[in-house]
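To start, the structure itself, in structure tokens.
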Amino acid sequence: MSDYGRAFALMRDRSADAWREYTRHAFVEGLKDGSLPREAFLHYLRQDYVFLVHFSRAWALAVVKAETHAEMLTAVGTVNALVAEEMQLHIRTCEAEGISEAELFATAERSENLAYTRYVLEAGYSGDLLDLLVALAPCVMGYGEIGARLATEATSDTYADWINTYAGDEYQGTCAAVGEMLDAAVIRRLGADFDTSPRWSRLCDRFRTATELEVSFWQMGLTP
Amino acid sequence: MSDYGRAFALMRDRSADAWREYTRHAFVEGLKDGSLPREAFLHYLRQDYVFLVHFSRAWALAVVKAETHAEMLTAVGTVNALVAEEMQLHIRTCEAEGISEAELFATAERSENLAYTRYVLEAGYSGDLLDLLVALAPCVMGYGEIGARLATEATSDTYADWINTYAGDEYQGTCAAVGEMLDAAVIRRLGADFDTSPRWSRLCDRFRTATELEVSFWQMGLTP
Amino acid sequence: MSDYGRAFALMRDRSADAWREYTRHAFVEGLKDGSLPREAFLHYLRQDYVFLVHFSRAWALAVVKAETHAEMLTAVGTVNALVAEEMQLHIRTCEAEGISEAELFATAERSENLAYTRYVLEAGYSGDLLDLLVALAPCVMGYGEIGARLATEATSDTYADWINTYAGDEYQGTCAAVGEMLDAAVIRRLGADFDTSPRWSRLCDRFRTATELEVSFWQMGLTP
Amino acid sequence: MSDYGRAFALMRDRSADAWREYTRHAFVEGLKDGSLPREAFLHYLRQDYVFLVHFSRAWALAVVKAETHAEMLTAVGTVNALVAEEMQLHIRTCEAEGISEAELFATAERSENLAYTRYVLEAGYSGDLLDLLVALAPCVMGYGEIGARLATEATSDTYADWINTYAGDEYQGTCAAVGEMLDAAVIRRLGADFDTSPRWSRLCDRFRTATELEVSFWQMGLTP
């Protein structure tokens, strides 16, 4: 399994059931064996574009909430990766499928989509950088794990582009950087024995809620 | 129909279909004729308590975002009404039904509940007072309209306490005060012809989204 | 010395020099012996009114950032005390001196005033409840200590009204409640040994900065 | 005079006296003729580094508050320009003068510095994107105007590096882009006749306050 740091591994283990439901969801398995209907994939991709807009805003909020030069640099780098690369990938993929940029931008946001991003943003606004990071982590690292697994397990080329994006060095590098940032941020605020801090179990709860909202997002993907 | 101000009336008319779905929802009709199962009502009440916690926080955010003495006073008054009265009502009603305060506080938040309050709070944090108020309005005024209608149309006493709370002078007074505050806030920021401002249709969209999230909340109430 | 809790006492000791400069400032000593020019006092009172508007907003932000029922109740109570009592006192005192409410509301904010409240609000927005509370504490508790001391040491009746307000049971009760809230909030987030947490010294730095901004505020009071 | 858009030009004219005090400050004239003591310049540069950290955070907040793709892209671009270029310039310039990165990072923030950035950040958090942009504009465009003027008027090479940075195509391009963004943001929210909107004079007041805080910043620069 990929190594995205100690804090992430501990939180994932605390939410093992929800994490499995998320990373082994029927939508994911459909990407793996190519059985996912194209219509569902394009529906997902359009919703994911709207998601990325708000997700980029949430990472920009991490820049605002950063307390160190290193935290600021990692967060700025992630905003750039999202806005300059991942969002452009969605625009290109949709265009190749005959969905124009204007049409993509006009996608009506589904409530499962809205629930997730607003949860993350509100966690960030109301709490500190840790509250924000643990709500962001399931998306960043979950896609990293799914991409890495599907790169070796996929039995179809249908969704190879998607899989390669998240299995690729660039995205895996982002996951590793975010994992390091999370470990450092947790140690800076809660100490080296952070999992004994009274905040730790509440942060793990946030991580679990965000993971459950990812499950709902895949589920929405299956019902265009 | 109750008069909660001009801005509210205009926004309600722009979302007439969603507004009808919300204020005439099966859950509401079940309160009217007493056919709503007690289990569904208590499930709703517990979720509504969690909702009120975050809704109070959103009204406190309105105090932070207020620009005038009058805006500040109305928002402070609403926070007090929510924390000192409405939340206490839920605590008492639940206790009368054998649900302790500890049990009530420990209610697991459903995703339809979370979606609504985080949408409102994020709208408030990311926008200005208007973005916040138009997201708050469907809840405040919708319950006012429902209460007022059910007070004359109800065919059963089963949910008379609930109906009387929202039909009562105190709650209706809150709706009127919030309606006045909204009108003044809109005029202060967009001018007397506020419905010709470019922001107006986006504010109406926010109002519609919040109304749709209210529909989901009732729907959740039916499925304990 | 007044007992406003353990966290406050520890922070005050870490900023002993700045704390002394603040609570024994020439402005304060002028209130004690009545030597403070009336013009300076009224100038201070008008600036303090503007200060209270933003300070109330900061306490409303504490409601938004609260994580427990108890935290929410104390913060709501403090907003009420500020808006319903302390701000009214300033309005009345100014009116008695021939300064109308309209004139009071129109007071141009001095930069030393602005610096303090924006520092507090930004600390609250960017951090969590702890960052906010430790920035609010020097004002709340400092006035409590000054009031209590001057009630026994004052050699003139000139500023008795001001002294009695802050020495009175009501204000002292607020200080005690805020002290309890701060202790509980710190323990909830950093643990019982909170002063060994890596965040502790940064929180103490915030407390010191806020204390220094209080010194500047008194200094501004001396120069109408 | 440089053209940074219509909204900026209107606001600058409304604050003509403060704008002149800021852009023709003794500190600026000292950069022009080389009479500014090196000690003052280095003191300013270190404070300006701390300023840039918070200013970058404020621009990241503009990403969070953006409502359109174009707004998001301009804000992300500005964050990058600040973090990847302007902050690096300060690090390099300081290193060349024997001030290490560690020493630079440890600079104690002066209250005139703190007042400005917290004012900007709080304006952004409490208001919408417009409140934030008009508080950011005096810094961005003021340095652009000063740089452009000094590039033609300078009578000494002593501060040529500083002057060329702000007179250069890259920085002037940022000013033009921010000016376009501001015009579009104002029209989107207030309409084409934005200067007749009731919000306009309050936005101009924010611009003035931020300009006055720039004056204080130069003043602080003169007193290491």
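Residue numbering begins at 1 within each chain, and the chains themselves are lettered A, B, C and D in the order written.
Convention: a residue touches a chain if its C-beta (ideal position, glycine included) is under 8 Å from a C-beta of that chain, and two chains touch if they have at least 3 such contacts.
In this text, all values refer to a predicted model and were calculated from it rather than measured experimentally.
Common neighbours of chain B and chain D, listed by label, are A, C.
Two chain pairs, C-D and B-C, are compared here, and B-C has more C-beta pairs in contact (counted per touch definition above).
In this structure chain A contacts its sequence twin chain B using mostly the same residue numbers, the overlap exceeding half.
Chain centres here are Cα means. That of chain A falls 42 Å from that of chain C. Separation between the centroids of chain C and chain D, computed from CA atoms only, is 32 Å.
Here the spacing of chain B and chain C, counted between their Cα centres, is 34 Å. Shown for chain A are the residues in touch with two or more other chains, namely 57, 64, 121, 125-126.
Residues 53, 56-58, 60-61, 63-64, 66, 69, 72-73, 75-76, 79-80, 83-84, 105, 121 of chain C are the ones that touch chain B when the two sit in their complex. The part of chain C that touches chain D in the complex is made up of residues 57, 111-112, 114-115, 118-119, 121-122, 125-126, 209, 212-213, 216.
Taken in their complex, chain B has these residues touching chain D: 64-65, 67, 125-128, 131, 187-191, 197-199, 202.
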